[in-house]
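Below, each structure is written out as structure tokens.
Two complexes follow with chain A in common, the first pairing it with chain B and the second with chain C.
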Partner chain A sequence: MPSATLLGQALISGVLAGGMYGLLALGLSLSWGLLRLVNLSHFALAFLAAYLTYEMGTTYHIDPWWSVLVIVPAMFVIGLLQHWVFDRFKVNELASLLITFSFAVILEVAIQLYWTADYRRFETHYSTLSIKVGAFYIPVLELILCLVAGVLAWGTWLWLRKTYVGKALRASAEDAEIAAAYGVDHKKLAYLLSGLGAAYAGVAGTFIALIATLAPAQIWAWLGVVFAVVIIGRLGNPLGALFAGMLIGASESIAMAVLSPAWAPVVSFSVLIVLLLWDPDWS
Partner chain B sequence: MTGAQKLSGNLPKLAAALGIVVFAVLPTAGLPAFYDSFFYLIFFWISLATSWALLSGFAGYFSLGHAAFFGVGMYTTATLTTKADVPFLATIPAAAALGALLGVGIGAVVFRMKRLRGELFALLTLAVTFVIATIILNTPIDGGAGVFMSAVPMPHLLPTQTGSIYLLGFLMCVATLGIAWWVAHSRLGMGLFAIHDDEDVAEAKGVPTFRYKLIAFALSAGIAGAVGGIHAMYVGFLTVAGTFELTVPLYVVLMSVLGGARHWFGPAVGATVITALLYAFISGGEAMVGRAVVALVLILAILWLPDGAVPSVKAWLRKRRGPAEEKHRAPVIPVVPEQARPAGTRTILQVRGATKRFGGLQALAGVDLDVREGEILGLVGPNGSGKTTLINVISGFYPLTAGSVAVDGAEIGHLPAHEIAQLGVARTYQIPRPFVNMTVLDNVALAATFGGPSRSQAEIRAEALHWIGFTGLAGKEEALPAELNLHERKFLELARALAARPKLLLLDEVLSGLNPAEVDNAIRLVRAIRAQGTTIVFVEHLMRAMVELSDRVAVLNEGKLFALGAPNEIMRDPAVVSIYLGKAYAA
Partner chain C sequence: MLLEARHLHIGYGDAPAVWDVSFDVDAGEIVSIIGPNGAGKTTLINAIAGLLRCRQGELRFDGADMTRVRAHDYCRHGIALVPEGRRLFTKMTVEENLELGCYLSAARSLRAASLDRVYGLFPILRDKRQQPAGELSGGQQQMVAIGRALMARPRIVLFDEPSLGLAPTIVDDMFDIIVRVRDDGAAVLLVEQNVLKALSIADRAYVLEQGRIVTTGQPDELLKQPHIREAYLGV
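Let's look at the complex of A and B:
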């Protein structure tokens, strides 16, 4: 059994790593829960944003805190374009899953053709900074990531709960036709939400560039975990996505410390399977 | 039939037989080993994609976990051959059995939960894949080092090693296609197609949905397991990452969707095209571009050919041939005039203390009701009084909370819906729920197949055509339900219910939404049905029809039987009027 310090450190790192799961889950959860579209290309968009951050940072020496101002709006536009296709062809849930998967493969190939399959690492002078609190180390970048994820999740949650737009979106998710009969302009809202989801992928991508090592195949690395997080956090619930992300991050990290790193993938899926079987209405 | 016609009818069979012989002896023709390997891969993907379609295409349970069954098969063969010295060929049935067992195990749990359809089923199967992969990786089955198969002796089916593997892959492919063909043309396939379109209705029409889904899952996973067993020998070196990768489930989905997942031959077409395409790009050194092209093809196919290539081509051919070829044509049956047949005294339906609670809501609060053989009983009551719930409880859609229901003396209160249907209870839905991907004829034939007595295919066709003619749908046999108007769809509901030759027919607002002329027509039909000896319980708001049709009327209010008697008396009863219109009108 590892020491208490080690477990505590595992818990902190896990929660902070879970912030990334939560941030990635946020956009997915919104489009799946409120638009009934399963967007697998979310991960590819995040990596595209990460590579763009890397490119701007290394080739043009633009700081990520500036490049994000270009990348996030660009992602927003990609989200709009994607939704135009879904809207034009009246794509259902399963078809959206296949289409966005294919789109993700195309993006992966494009990334590999431009940046090659080599591992890329974006080094900055602050990438390894950490604060020492008692016996524990808290990495600064991941802390910022969690704060940003928290602000986005909380803001989106408030927006959905408290404003007309949010209520209209939830009404449309329940029954689009009836909502439309009450004057909800579902189409416009759906475009907005799709753009927003892609923009969140852009934010996640910036942090991926700063924290992780980039390789095209890594696009698929988080897919399973993040889907588990989306369902555990309940579809369409931004705060749920964030908390579920942190919960899974912490559980994985502790499983790694107590068992072995190789067992980590089982954690999230076991939680997911148990949850779905225990309460099929959960999501 | 002339000789030429006979020949053209048998042409596909002859071509298939010829193809099988040619491909079986191909490796002995002395072609470079490259061809063995290329064709093996095509057979491999055909088998895998077709096996996926058995569950996911036919029954609509979209799985992303095909790699799990395939991988279990691979590791079964690898473990048995390398650790237990079992001969390679003997491990393949074991691989199939373990794959099937895993499928049935997952199905036995998941298929009990109605919520776990659609994309949740897909993700659940994906999650199972990851869990199994991690377990294999962390246990001595693999242990992270991978498994070498090079020391395993390959039986000499053909002179060369690659030829022998080729032959195994080919036999597997033929067997898989044979199974898919058989399923698609059997009772099982018919039931699976119905499950795909509307599982609840399929169950109500007598399809044993749970059992059928388990059989489909077992076949699908079992074939994938066997394919994995053979493939272990082909790859020679197994790793967890290589076996359980996302490519397998996604490619089988892609291939099936492209070719047409609901057609037995669709996945084979998709698999051949995609494999050849990928191979061309890989041999040209452009594997990455090949992946992107395949992805692009998939996007375009889903947007423009959502049903897949094979069904689309078939539809196009049918259109080109035009209406000249009408295989089935229902005779128009004049609705027989009513022969007043007195209702018997025997009780056909006996409801005792029927109670149904939804959480805190008491929809039925202990209903007692006897329906006599051959009578028409009208069921009325204000909205929310429990009329449709009573129909749902009798037909088994909802289980009873308490009480009992007996049909012809047999207790049915706790039977699954399909068994109730087989005992002679048929129902219609207030809002028609046809199987949308089946023609009118197939819709009715399904009900005749699963609800009625067991008969030959030809008799079932004849029965279905009879009821199509009876309900005035003649000429629409090959139409899809989407091409019918509301009135015709209501009559399709009726035809489906009648084709099961029910003892007891439950009609849920068949007249709502019809215009006066259509209502007259429907009333004549209901009388004609009764004249054939069927007992009818019908829910209706239209008082004219209620008075004209029913022998007795039962009034439900707040989940209880409020009044029962002859229609004219009941409608004049002040107490009945008051529950409908409030006390002020009761005087």
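Let's look at the complex of A and C:
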């Protein structure tokens, strides 16, 4: 059994790493829950944003805190274009899986053509910075990531609860026809939400560039765990996505510390299965 | 005339469900369309609400040609639907359901007054306003569906089978409410299988059978017709 310090450190690292799961799950959960579109290319978009951050940082020496201001709006536009395809071909839930899978493959190939299959690492002088609190180390970048994810999740949650547009989106998700009968232009709102989801992928991508090592095939690395996070957090629930991300991150990290790193991939789906069977009433 | 339907053909797929239907609703009127199950009543009312496209014919509301209007703009013209089976947003609270009714800007600016009016009409909804609408009883859900329509400040309210699945005592309350909606200034188009009730509050009525209007008139005239007495009243 590892020491209390090690367990505590594992818990902190896990929760912080889970912030990335939550941030990636956020956009996926919104489009799945509210538009019934399962966007497998969400990860590819995040990696495209990560590579763009890397490119701007290494080739043009633009700090990520500045490049994010360009990348996120660009991703928003890509989200709109992607939704145009969904809209044009009246894509349903199942077809969206196939189409976004092909988007993801195309993006993967495009990334590989331009940046090659080599591993890329965006080195910054602050990438390994951490603060020491008592016996524990808290990595600064991951902490910032969690704060950003928290603000986005909380803000999105409020937006869906408190504004007319948010309520209209939730209503449309349940009965689009009746929502339209009360004046909701679902098509317009769907574009907005798709753009927003892609913009969140852009935010996630900036942090991926700073924290992770980039390779085109990494697009698929988080697919399983983030899907589990989206389902555990309940579809269309931004705060649920964040908390579920942190729960899975912490469980993985503790499993790695107590058992062995090989156990980590088993954890997320075990938690998912347990929660689906138990079905706690959280929402 | 507030609402004018002329030679409407409406349907799904290849087979029209409603043939060559014409009728009017004037301001301040309750007009009932009665008919047996499967006659096309819901199809007809859904088309008036903009949920379905008419394949042929004219639909005018206050002079505007509604066949060219997009589904989400029907409400802007002053048409509000209380759909069959209520179709509430079950996971959202009662108040959120009502607020969806005043989604459009004109109605939204009257939100507070409209909410007061709906809660005045249905005091129980004020107590339950933070509950998910899906947890309410059938009668209370029907109140939310009517309240949602009133929040839109409509000039005509379309009621589709408002008595369906409700306890008899609550059915009477619902019909009283429909009369109040009319008395408060909106026209009412009511589609019902409960023929006696529908005729008792109507100013005029149409009988729809197998997708066609077979007869029309004032309720007391219709009640004298042998066909109506036989087919709907069993006498």
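Here is the rule we go by: the second predicted complex is superposed on the first by the 276 of 283 C-alpha atoms of A that agree within 3 Å, B and C clash if a C-alpha of one lies under 4 Å from a C-alpha of the other, contacts with A are read in each partner's own complex, and residues count from 1 in each chain.
Simple rule for what comes next: a contact is a pair of C-beta atoms (placed from the backbone, for glycine too) under 8 Å apart; a residue touches a chain by one contact, two chains touch by 3 or more.
Computed from a predicted structure; not experimentally measured.
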Superposed partners chain B and chain C on chain A - clash or fit: clash
Of chain B and chain C, the chain that contacts the larger number of chain A residues: B
A:273 touches, of chain B and chain C: first, second, both or neither? first
First, second, both or neither for A:180, with chain B first and chain C second: second
Partner chain in contact with A:171 - chain B first, chain C second, else both or neither: second
Partner chain in contact with A:200 - chain B first, chain C second, else both or neither: neither
Steric overlap of chain C with chain B in the superposed model, located at which of 37-45, 109-117 or 217-225: 37-45
Set of chain A residues, in rising order, touched by both chain B and chain C: none
In the complex, chain B residues that touch chain A: 62, 109-110, 113-116, 118-120, 122-124, 126-128, 130-131, 133-135, 137-138, 144, 246, 250, 253-254, 257, 288-289, 291-292, 294-296, 298-299, 302-303, 306
Touch list for chain C against partner chain A, complex: 49-51, 71-76, 80-81, 83, 87, 89-92, 96, 99-101, 103-104, 108, 148, 152
In the complex with chain C, residue positions of chain A that touch it: 164, 167-168, 170-171, 174-175, 177-186
Chain A to chain B touching residues, read off their complex: 38, 85, 89, 91, 93-95, 97-99, 101-103, 105-106, 108-110, 112-113, 220, 223-224, 227-228, 231, 260, 262-263, 265-266, 269-270, 272-273, 276-277, 280-281, 283
